[in-house]
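Listed below are the structures to be examined.
Each of the next two complexes has chain A plus one other chain: chain B in the first, chain C in the second.
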Partner chain A sequence: MSGVELIFYPFIIALLTAVFFRQNSAVSKFVALALFTYMLLFSINLFSQLPSSGYLDLGTYLSVPKFDFILTLKVDMLSTIMLTLTSVLLLLVALSSWSMKNQALYYSLLIFFSGAIFGVFMSTNLLWFFIFWELTLVPMYFLVGIWGEERRIYAAVKFFLYTHVASMFVLLAFFLIHKEAGTFDMTLVREGMLLSPVLIWWLLFVGFSVKMPLFPFHTWLPDAHVQAPAPISVLLAGVLLKMGAYAMIRMVLLLLPETSQQYAWVLLVLGLITLFYAGFMAIYETHLKKMVAYSSISHMGLVAIAMATLSYSGLSAALYEMIGHAFVIAPLFLLAGFFHHKTGSWEMKDMGGIMQKAPYISAIFVLAGLGALGLPGTMGFVGELSILLSSIKSFGLWMAVVAFGSMLGAAYIIWTLRRVIYGEMSEVVRKTNFSMNIFEFLALAIFALFIILFGVFPNLLFEYINPAFAQFTSLGGAL
Partner chain B sequence: MISAFTILFTMALVSLFFHRSFLLKPLSLVALSAAFYVTLGGAVVPLIGFATNEQIKLFELVLEIVLFASILHESEEITITQTLFLGAASVLLLQSNTLVSFILSFEALSIISVVLVSYIKTKNQAQGAVKMFIAGSMATGIVLLGSAFYLMGGGMLLEPLSSKGSEFMNIGVALMLAGLFYKLTIVPFHGWAIDTYALIRHSHAAILSGIAKTVAALAIFKIFAPFLAEHITLSLPLLATLAIITMTLGNFLALFTKNIARILSYSSIAHAGYMLIAFVAVKSTYADEGILYMAIAYIFMQSGAFLALDSLKKEYDIKTLDDLKGFASQNSTLSFFFTIQLLSLAGIPLLAGFLAKAVVFYAGVDAGLWWLVLIALLNSALSVGYYAWIIKSMYFDEGTLKERLVDLHLPQIAQLILAAGTLYFGVFASSVFM
Partner chain C sequence: MPNLAIILLMLPMFGALFAFLSGKINKKFAFWSAEIIGLSLFLITLKLYSSYTVPIDLPMTWFSLGDFSIPFGIYIDELSLVMLLIATGLGFLDIHFAHDYMAKDPHQPRYYAKVLFFIGGMILLVSAKDMVSLFTGWEFMGLASYLLISFWHDQNAPADAGVSAFLFTRFGDIFLFASIGLLFYLTGSLDLVHLNELASNGKIEQNMMYLIAIFIFIAAIGKSGQFPLFPWLMRAMEGPTTVSALIHGATMVNSGIYIVARLFDFYVAAEALLVVAAFGAISAFIGATSALVQSELKKVLAYSTMSHLSLAFIGLGAGSLAAGMTHLVNHAVFKALLFLGAGAIIMSASHVKDMWRFGGLKTKMPLVALFMGLGALSLSGIPPFSGFYSKDAIIIATLTNPLTSGLISSLTLIAGILSIAYIARLWFLTFSGEPRDKELFLKTSKPSFFWIVLPLAIMAIATFLMGFSQESIAKLVSGNVPQEEHVSGLFIGLMSSITLLALIVYYYFVKRLDLTKKIAAQPLMRSIHKVLFNGYFIEFFIHYFAKEVVIGGFAKSINWIDTYIIDATVNATVKVAQRVKMLFAKTHTGYTSDNSGAMAFGILILLIILFIGGAM
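After this line comes the complex of A and B, so read on.
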């Protein structure tokens, strides 16, 4: 399958899966697994075809010249990394949803989502980018609304409305870009062509901050992530937030570099507030999944700080942290959901002593937790250290405050571990049987493997990440 | 000379002899297919005062497809006849080129609309029909008064609208627009529409708010756009205000409504506001495509949504959001089609509703009205609130199993046709940009 088929076939496959496998829903799992494996191979294969700099052309389709409404598919190193990350996560999410109810519809929505998200990362026409960007909301709306927890309907509608409103600013900015630069193709737009870059910058910034999310636009996230079923929380945190960060890098920082230089302080300040605010909220939370959600927001604050440096090392660090965050937060969400499923409670006080009942599962939780607080040897450490170093290099020594953010991380993670995994065994845990499906455990084990592998050998990733920002080499040294 | 109009009009007359015959529906469908074929071949209109072009031709094709679907859906013979008459009048209105032909065919369309809703079986339907009749007569009077002023200012009946004359022409055009905006349900001329659309039969509402209104909007744009472009300093502030009020009021009122038919009526008003942006941005070269795209998308999704509601009411007696709870588990096909049309109305991509809004709003940006477009975009985002709420009732809520009153198959084919149109024009925009 070529790039465009990989976007549109999933929509058709999704419809067929929902219609024909309704009675025989186990087949839908294997359809999804096969498709996501193919997507992963496709993305990995792209690395070998990429030119040393610039874009690899994957074709243009559905051309409407007058409106410049052309499906232009081009990938570069940055989008290929995002494609690979997305397909890995989709594959693991498909594995960890093995025992969902109403599987035909569930997996067909996942397949639909995979097509839309590939469109986001592949298309360079702004209007088509926006189309796929919005299209990811529809399957997410249904996935949260149908399979979510108690307050799922509120969370689903809030998520849909909130992010849709934000997207409207983005669409207006794209319209202004087309009016002023005469093209929707982001690879052809230069900042010098624009008459009102400041207005466009702010519209884009607000639109993408909601998705990332940055304080004060983060309020949809705790609801959506907590009410979503655990595998979907992984997709929200691992793919949807990354989509926001990707758009922030590509459309704001790389497309409008001069205005971004001028307003980088906004990104920096919001990033710092997000880091600390979400960190304190995570300490305060006794709801296990909410704690993980706030920890997720806090890490996106770190990503925003790294982006604000607008330097080669900063952006590389941001991209590394985006990947690291996806792998670290995923097992935390999955296990929070698993513990809730088994104990019937979200409150940490009802858990405790799970280590004695389920040592392997708890070990993965501890490992992911340590990754989230940045223990050396895990992905979290490399990400946080490189962000700290690059921000000190760009903004001066006072950026050492970022380290306090990591200390907040240590506080909420260690305290959570003490209350949930260690400590005295609670009554609820004593009565619970923590047996896990082999496929779900496999997904967790792969996540754990990645956390250690890329934590010990970060260069395996940096080898690919660094060339993504080659145009910034003039601005500062490499890691 | 055979044209789509002659075929539809003849069939409408012939259908009067086929009442209570099982042949009526197949014959009408054949006639519509023939009209489609003739339109596709590009039949020339020989009458004075009528002209056609590629864009009008495309819309006529779309119109014939939608008429086909609504006749396929319809089970009442009398409505089929009226739909055919309405189709004939619509073709005339779309092709009219001078003031007199426009007014005459517009009146024809209005009269058939009134006849259509006069099919009264309950007190509610009577209320809706009477409201429409009174408001429609008012509107007609105002349009005629406006045309009188226009002629007094030096305008010509047998020519396209021009602005070479005295100030009276401006007053005349303003009055005519006021009358025409009744039909387009622009606030503050919208009062009748909510009751009428919600109270009459849903399949009639589909024809009235989906087909008749869209045809009127396109025809009004075709006749009035050159005049508005010449008087942009006068028309822009006035129409921009009307557009903002119309879409904002429509959307906010829809948010607080529980009756599904009323929600769709308010959403119809909000869409009239979006269409008005093309009138405001008439200077832009994208305004033509904008209104055409909006008309095409709207005729599919609004008729689709109302026809789906008609099936819901007939088969399960569903009226409010509460009745709809858990419906998806009961009839997944119908709820899927309904969901597609609702998402399209909400402006979700890969459906015609999104591209239509994108082109109209881009025309606004192109004309330098980005603040107006921002308001429209936020309105459109707000509208997701109530469309998503309907979908939420169908898919997320647990409901009681409802008794299926009748089993209908043809409406599902009609829904398939309309959903296919919504999907096609959501992906392949090249057919509209000629």
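After this line comes the complex of A and C, so read on.
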């Protein structure tokens, strides 16, 4: 099994699903579940095949050698981890979209998305990488634009254009790389081959910062999240943002290590600003889903800080936090959407006392909230501790300020819990019936389980995360 | 023995889950599982204590992050064992007491699960070998107290109290978290015993050591409810009284003092003890004076906890580990006794907490009056109760240390003497005289002996007997027997006794209520009363700062910048883009979605054109 079918079959399956299962839309769910399960098994199976370091070659396809337009599929530990994370999230998103309207189209778009995202993480040819990178936007645009809230068109257009403009910077950088290094294969490019590494670094950096997102390129995200349906918010935060972070590690930090060393402070400063800026935004926010969105941005600030260390431990911490953030933020988004769906309001003041109506669902909300504020025993704590230790080691004592980001997290999460699920019941909540589809609840429960499992036994993940950057130690040592 | 220690750590966590699940089958099962688990925890601790020879030392690695390895070790020495005995012993009595206190509550499974988790957090904290496991226990307790204080979360006041408890303590915790990073950078080690050695040998830079000591102390202030982070402790009275007893006796508030004691050599080397003593003295004074004027039974006790923990901090700050820690141990027992006694009263008197509505209750519950009286005597520092010895040792320690002998020792003395006044006020208002609320008095029921009075009796006996074993406690917690003599202590004891006698005489024979009222009606006295009653308005100031400055000022301006500068720039760009799109739309179907699909396709074409151009 080579993996290329996981990129192209989804496009075909998506088309077939959309066309043939319109009448019997329940089938589309099972098609999606089956495909995503297969993707997960495929990704897990990759771990056993990976060489101890470097890439596993999965072959080349669609070769147009004259233009260096070759679909080269290579995976290493980093991309395999991303593939696994993506498959898990897709599977859980498919579960939690169980009662979505117009299912055939919805699930076919999800399947389309899965093909594109597998392409992003598997192809090492920069051109193909870019094509898949852009292709992920298309299903996202429709998913937000069709199933979204009132201002979905505004949000979808803003999201599309914003990230699209950013992609232009990336594309420009890729052409510069090809012009100077003579190849589109990122595994063959070395920084020494490049004549203008600084220019390329900045182009890529700006392009990927939008996707992560980092201050001041973050404003598309709250709008997109608010208008997107809840499961799509999970994809946005868990997969699309991670795609930006992955690209930042892969193409900026690993591809251009020396320039990155020189400009790491930019990443560090933007990361710090993002951490606190988004934290304060979240504290002031009264709109439940926007609060979660800002919390998500704030955590991506932490990821950026960890990346900026350019160290073995720092990058491992960044990757752990990326996974942790995906699992922690997903139930928050899903439940924010659920509460909105039930109460008809986004404002926290209209909620309150939901714990009395739906204790188990609220307990998952509390747990995810505690994960977001970094309580020991959850993934959030391991991520924050790792980032604190690695950034202090790299940048010195003043990085202790990272710890104070957690105070903002505590403030916005605890106040949110107080306003939404504790206290006396509001009029609306009193009248509402908070019953949930069993599949949606199952997805939430799995997220909750992951938050605790990998929070108590982080080595389950670090066993795979650490080797992903083992080559970075030798590289970092040389610098 | 190590296996037993592991069981001790794991049992409360799994026990909490078990109590919750079994309670879902039948509410009674939750209590009985908790009772049995609580008792087993105490017995395991006793076994560990009786067979103690050398510290149990289990270094473990939690996870490896790149080239770092993050520790999570267990270390149980005599100091830990004393804290464990308090946590599990008082915890067990507290669970036992809750049988009646929580009998009518529909959410008992949740209650007992949280209580076991709380005790488990304390066990982890005091058995921690390194900063990571210590912080984990520390945060577990923060979480458990949040969940328990807001146990009745269907009402707004307890829910708010939970928020207050979490955020105040979390503010301190952040400093502890930061100090983990600082210590890791400076020493590469997070092992508590090793850190003490490094500090004593001068291996850490002096200024940094001072900074870290202050950081850890801020965390201790938050957890132990000291100035200025104490308001949560008073708010926490919204929770069930059994929870208050747990927080004030067995677990939470002890942890702040424990961490300073655990890193005592570090504090000595960092020369940070004076700060500890100074903040302790301020808190002792604030707590003691505020306790004087409270009208709620539990709030008097809460302020008294603040004041007495400050005394323990002062003892540590004056350089006497033995004095500070013995006081902590003594305080834990008599404060748990007083809180559970208060719980017995509140439960019997239909959940009224206002002392002005009680009076004459000693005829209704003579045994509770007796045992609370014994607890009050111990708290006042009347010999031969345990409270006397440690309070006395603290005052001697402050007097013998030249740094603390002036202002700090006077404040300590004032707080010590005032404690007699407020606890006597509490006892007399509640138990003696005529019932002020006749209706309530008639309704008041008699507490059951086995579930309510027996735990009080056990603790009252303990606080009395501990008075005779102070030296062995001091040896356990500090490793050596203190050399101080109790000569000057007789002076304290005498003064305390005279004050108490004077108060009794005033209450029983003079009874000049008209005079008291006249003094209280003075404008000056009334404003003093207002300041004291509100805990010097510190909560008000902190809330004002958080609400108006941090949220209303800072967060709001950031929000403004985001909307009117950063996002406005983006939107302007988008508007231009949309206009272009509109032109495009006229030539096409008019559906936005179609246009973007076309755009995506356009990119591909653009890409190919660019690429061919690049290749040539």
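Going forward, the second predicted complex is superposed on the first by the 471 of 479 C-alpha atoms of A that agree within 3 Å, B and C clash if a C-alpha of one lies under 4 Å from a C-alpha of the other, contacts with A are read in each partner's own complex, and residues count from 1 in each chain.
Just so it is clear, a residue touches a chain if its C-beta (ideal position, glycine included) is under 8 Å from a C-beta of that chain, and two chains touch if they have at least 3 such contacts.
This structure is a prediction, so every number in the text was calculated from the model and none was measured.
By the touch criterion defined above, A:Phe441 lies against neither chain B nor chain C after alignment on the C-alpha atoms of chain A. In the superposition on chain A, contact is made by A:Leu161 with both chain B and chain C. Contacts of A:His178 after superposition: both chain B and chain C are touched.
With both complexes superposed, C is the one of chain B and chain C in contact with more chain A residues. In the superposition on chain A, contact is made by A:Phe69 with both chain B and chain C.
Of the two partner chains placed by superposition, A:Phe121 touches none, neither chain B nor chain C. Contacts of A:Asn466 after superposition on the shared chain: chain C is touched, whereas chain B is not. By the touch criterion stated above, A:Tyr141 is placed in contact with chain B and with chain C alike. Of the two partner chains, chain C is the only one touched by A:Leu388; chain B is not.
Of the two partner chains placed by superposition, only chain C is touched by A:Trp415; chain B is not. When the two complexes are superposed on chain A, the residues of chain A that touch both chain B and chain C are 66-67, 69, 127, 130-131, 134-135, 137-138, 141-142, 145-146, 153, 156-157, 160-161, 164, 167, 171, 175, 178-179.
Residue ranges on chain A touching chain C, taken from their complex, read 66-69, 127, 130-131, 134-135, 137-138, 141-142, 145-146, 153, 156-158, 160-162, 164, 167, 171, 175, 178-179, 216, 219-220, 277, 280-281, 283-285, 311-317, 320, 353, 355-356, 370, 375-377, 381-382, 384-386, 388-390, 392-393, 396-397, 399-400, 402-404, 406-407, 410-411, 414-415, 418, 422-425, 457-459, 462, 466, 469, 473.
Interface residues of chain C facing chain A in the complex, by the touch rule stated above, are 62-68, 70, 132, 135-136, 139-140, 143, 146, 150, 153-156, 159-160, 162-163, 166-167, 170-171, 174-175, 177-182, 184-186, 208, 550-551, 554-556, 558-559, 562, 566-567, 570-571, 574, 577-578, 581, 592-593, 596-597, 599-600, 603-604, 607, 610-612, 614-615. Contact residues on chain B toward chain A in their complex (touch as defined above): 286, 289, 343, 348-350, 354-355, 358-359, 361-362, 365-366, 370, 373-374, 377-378, 380-382, 384-385, 388-389, 392, 395-397, 427-430, 433. For chain A in complex with chain B, the residues that touch the partner chain are 11, 62-67, 69, 127, 130-132, 134-135, 137-138, 141-142, 145-146, 152-153, 156-157, 160-161, 164-165, 167-169, 171-172, 175-176, 178-179.
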